[in-house]
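Chain naming follows the written order as A, B, C, D and E, and within any one chain the residues start at number 1.
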């Protein structure tokens, strides 16, 4: 029955994707992308991927939409009709999709418990996590420890994106002056004139941050963890910037502090690995952090999740501010 | 636990963890000094790893002490050692000698982030090279790609932005294709570890998802490696990037993708897909040959020096691929050693161009009349690099051309055609270099030439260092030859 | 139910190709990035689909409940990473688009092409 | 029973989606995104019960938050845009120009 | 006792679904933006209360009930705010309630 739900939602998903590509108004496309992300997240949830659903909602529907809107405010929202003939692209796409569809017929059915994926490696994680880590969320265990090196790489991808956006937007005619960072007037007003959203929004910000902290520190027991928490807290702080204006938000959390958060978070993660190395284990081996390997794992995972949360929150906020503080040119 | 056991991890971790600190460096030249020192450290680690690999064979390292396939494995073989040497050496030399060029192209307040991105490219590339896990390769591919977009976007010309956007789109498509391929393999085998994949694929060989996965991985990595006809992002990106970035990328960026491609083709797919060798060769030999000839042809008529060399790079990717698609020990050795020799030749050429660029306003051919009379040392180094690229005896390029031709000749009649193609393209290379040399040595000086001086001494030193390395490894190719031989043997290890 | 067992895969192929089409056929740079997002999302769907087990539940072990079947945690971990990579790429791409708009005055690829060849 | 509720919510989602496709004004699209977001929150809450895992209600809460922030971001976008138009366009130019 | 609570909760859930669905029809079928907003936001409010209320009865005195109430409070605060903000934005942009659908066609 629930599979049928997924079928229904997937159909909506495909229709939404078509509508996104069809529309000529980029703002509409971004709104539909928000719906697309929500649908995708719901499908993930139905397919038992609670952590992924949380991330997709926070990142896809939340952060991406805001980044798109901040860009649209600078670039305009109308797509001009392209003179490019769609035929060659259509052909490439058609051939590729035929190949992929053809391959699906030899793939295991949805939910097949005998599929190779369910036989190898994964059962080991499910079996060993309670024993080695002593907490219930296997996704967190795999993310933070068994494949912690991937997650380290992921934190550095975020760091790279943050450096990149700040670097790219530090030049050009719309860049804030490097000597005296002057914030443009238009976005700095915030939503001061909208009393009701402002009051309600300000009322909710502490709860959003609190919820973010809950997601951060409860990530070993329920869906969540550093990345989701970072995205949620960043969304809360972005709400503050929307309500009070960029100027005020940057006064509370200046870019230098945000960069410090990113660097600090990434370093914290890396340092846990290095400490593990110094204490006689391999890089990112948390078992050696304490005399008891299980509590060593728990300490290590707690610290690196904090690092992930700090880095992601700082990076997403810094990226958002870099867009929002830019003057629109021409 | 001695430090030597941790070297595979340190190789990646050192540049990666120092990169965020570089962002915070505000003093004059401090960011540069830190990045250079880190890069040197990475080079030293690469040298010691190479020694260990030559002594004891492949090294494996379990991240977080979780054994593969449950944890992530790092694996350094002779092949990866060679790549590590290329990448870290290219980064170190360009950073060490290239400061003046970077200073002239980038405002000081943006430099800390630039150098941090540089270290992240380095960390990403070595991360790919030492990774033994298919998904980990994807993660580090993204670290290095995102950071390389930053470096290219640092180019002063406004055209840098559209070219880096094109690179971003195509690079992401390539990475996503790779991810689809890995997903399909994972779906059918349940593992992500490359060595484990090799074993478990035997049970499910020749079903469609695996064949499709092989196709997607090949196409995705070919996109990243700028294999003809998926090269369209490369010329503009190389042209408008800062000169030192071009020198760095031309020496190693596409080769790392080729390295992953070869590892997948030979280690994962070869034993497990019937006729895979045949398919691989039939697909790639024509692509490689057309790529070599077409790119060389375009270079013949190109007048912007950097774009000319960028097209030549595409042709060189074709050589590497041609060697590899022979699927014989000699062919692979030729392809692999060409990675090394091409890095030397292109490094010298782009270094010389950076020297030129400190003096002349435009790198178009018509602007360079008589420049050799004012900058004799720079142009002499350029000529050495050019000779090496053409494959004149006594230079490193000759070694790889020689090995390539002898490997190709083993193929019988087909080989003769291929030899003709290689010779024709070498001739074309000679012609386009002659065009530059002719203009630079015998051309009429443009009006403003009175102001021209020789390039800064320090940069010249770097240029000559690389240029002389071309000659050194042309006369004494034992180290790269040894590594490529071992690499080829390990790639073909289990083949009958 | 048999035939529906592959529906997820078809949906992923459809979404993948819609995104791919937008990336290669559209001239507007933001539309390309939107297409890229769709394209990457489709891969997420592929991975999550293969991890589902019939009658399973999310891989978070419940205290006091025995004999539970869990879906596969590994694809979920991979996709968490991939989502982060996706949004990072998107942010970088948007920053580049902003700079292109400032220096060219347009975000249409064919117009940028024209401007480049005029100068 | 939970099935009936989820089906009703999903049908409503479909209806909101149709409204999002049809428009006609941009505000209609924003409205349907909002409706869609609330319905997703409810659907998640119901499915959490359907799966017998009420600990997943965190997700529904997160969706509600993100949805709200998204709507305010859109509001801010409208405000910035109308500021720009006041600056850039001739007075008397219609601010409600949603035409392509 | 449990059956009474069960029946009550079913009634609430069913009523909630009906309201939500009616709201969906209203969003689709009403002629102008403001009427659609009206349909959506009003039924959103009552539908949310009923459905989440029904779920609370199902959950009993657990952490889940507390979370449901938190969601309820959150939705009740943000729903009308979002509706107000939207109406305000539309109004500021010059779209007037008395206009009929013909004048606001986008494409």
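Here, contacts are C-beta pairs under 8 Å (C-beta built on N, C-alpha and C of every residue); 3 or more make two chains touch, one makes a residue touch a chain.
These numbers were taken from a predicted model, which means no experiment stands behind them.
Colleague: Chains shared as neighbours by subunit C and subunit D?
Modeller: A
Colleague: From the centre of subunit A, which other chain's Cα mean sits the farthest off?
Modeller: Relative to subunit A, the chain whose C-alpha centre sits farthest away is B.
Colleague: Please work out which of A-E and A-B is bridged by more C-beta pairs in contact, and write that pair.
Modeller: A-B
Colleague: Most remote chain relative to subunit E, going by C-alpha centroids?
Modeller: Here the answer is chain B, farthest from subunit E.
Colleague: What's the distance between the Cα centroids of subunit A and subunit B, rounded to whole Å?
Modeller: A distance of 31 Å separates the two centres.
Colleague: Determine the centre-to-centre distance between subunit B and subunit E, using the mean Cα coordinates as centres, and give it in whole Å.
Modeller: About 58 Å separates the centre of subunit B from that of subunit E.
Colleague: Between subunit A and subunit C, tell me the centre distance in angstrom, where each centre is the average of that chain's C-alpha atoms.
Modeller: 12
Colleague: Provide the C-alpha centroid distance between subunit A and subunit D, rounded to the nearest whole angstrom.
Modeller: The mean C-alpha positions of subunit A and subunit D differ by 19 Å.
Colleague: Check each residue of subunit C and list the ones that touch at least two other chains.
Modeller: 16, 20, 50, 57-58, 60, 62, 74-75, 78, 81, 85, 88-89, 92, 96-97, 99, 103, in rising order.
Colleague: So which bits of subunit E are touching at least two other chains?
Modeller: Only 74, 78, 81, 85, 88, 106 qualify.
Colleague: Using the touch rule from the top of the page, what residues of subunit B touch 2 or more other chains?
Modeller: Residue numbers touching two or more other chains: 135, 139, 142, 146, 149-150, 153, 186-187, 192.
Colleague: Run through the chains and report each pair that touches.
Modeller: Those chain pairs satisfying the definition are A-B, A-C, A-D, A-E, B-C, C-D, D-E.
Colleague: Show which residues of subunit A lie in contact with subunit B when the two form their complex.
Modeller: Listed in rising order, the residues of subunit A that touch subunit B are 99-100, 102-108, 115-122, 124-125, 145-150, 152-154, 156-157, 159-161, 163-164, 166-168, 170-171, 178, 259-260, 262-263, 266-267, 270-271, 273-274, 276-277, 280-287.
Colleague: State the interface residues of subunit B toward subunit A in the complex, per the touch definition above.
Modeller: Those in contact with subunit A are residues 1, 6, 9-10, 13, 16-17, 19-21, 23-24, 61-66, 69-72, 107, 109-110, 113-114, 116-117, 120, 123, 127, 135-136, 139-140, 142-143, 146-147, 149-150, 153-154, 184, 186-192, 200, 204, 207-209, 211-212, 215.
Colleague: Which bits of subunit D are touching subunit A when the two form their complex?
Modeller: Going by the criterion above, the answer is residues 3, 6, 10, 13-14, 17, 20-21, 23, 26, 29-30, 32-33, 36-37, 40, 43-44, 47, 50-51, 55-56, 58-59, 61-63, 65-70, 72-77, 79-81, 83-84, 87, 98, 100.
Colleague: Provide the residue numbers of subunit B that touch subunit C in the complex, in ascending order.
Modeller: Contacts found on subunit B: 135, 138-139, 142, 146, 149-150, 153, 158-159, 161-162, 164-165, 168-169, 172-173, 176, 179-180, 183, 186-187, 192.
Colleague: What residues on subunit E touch subunit D, complex-wise?
Modeller: Interface residues on subunit E, with respect to subunit D: 10, 13-14, 16-18, 20-21, 23-25, 27-28, 33, 36-37, 40, 44, 47-48, 51-52, 54-55, 58-59, 62-64, 67-68, 70-71, 74-75, 78-79, 81-83, 85-86, 88-90, 92-95, 101, 104-107.
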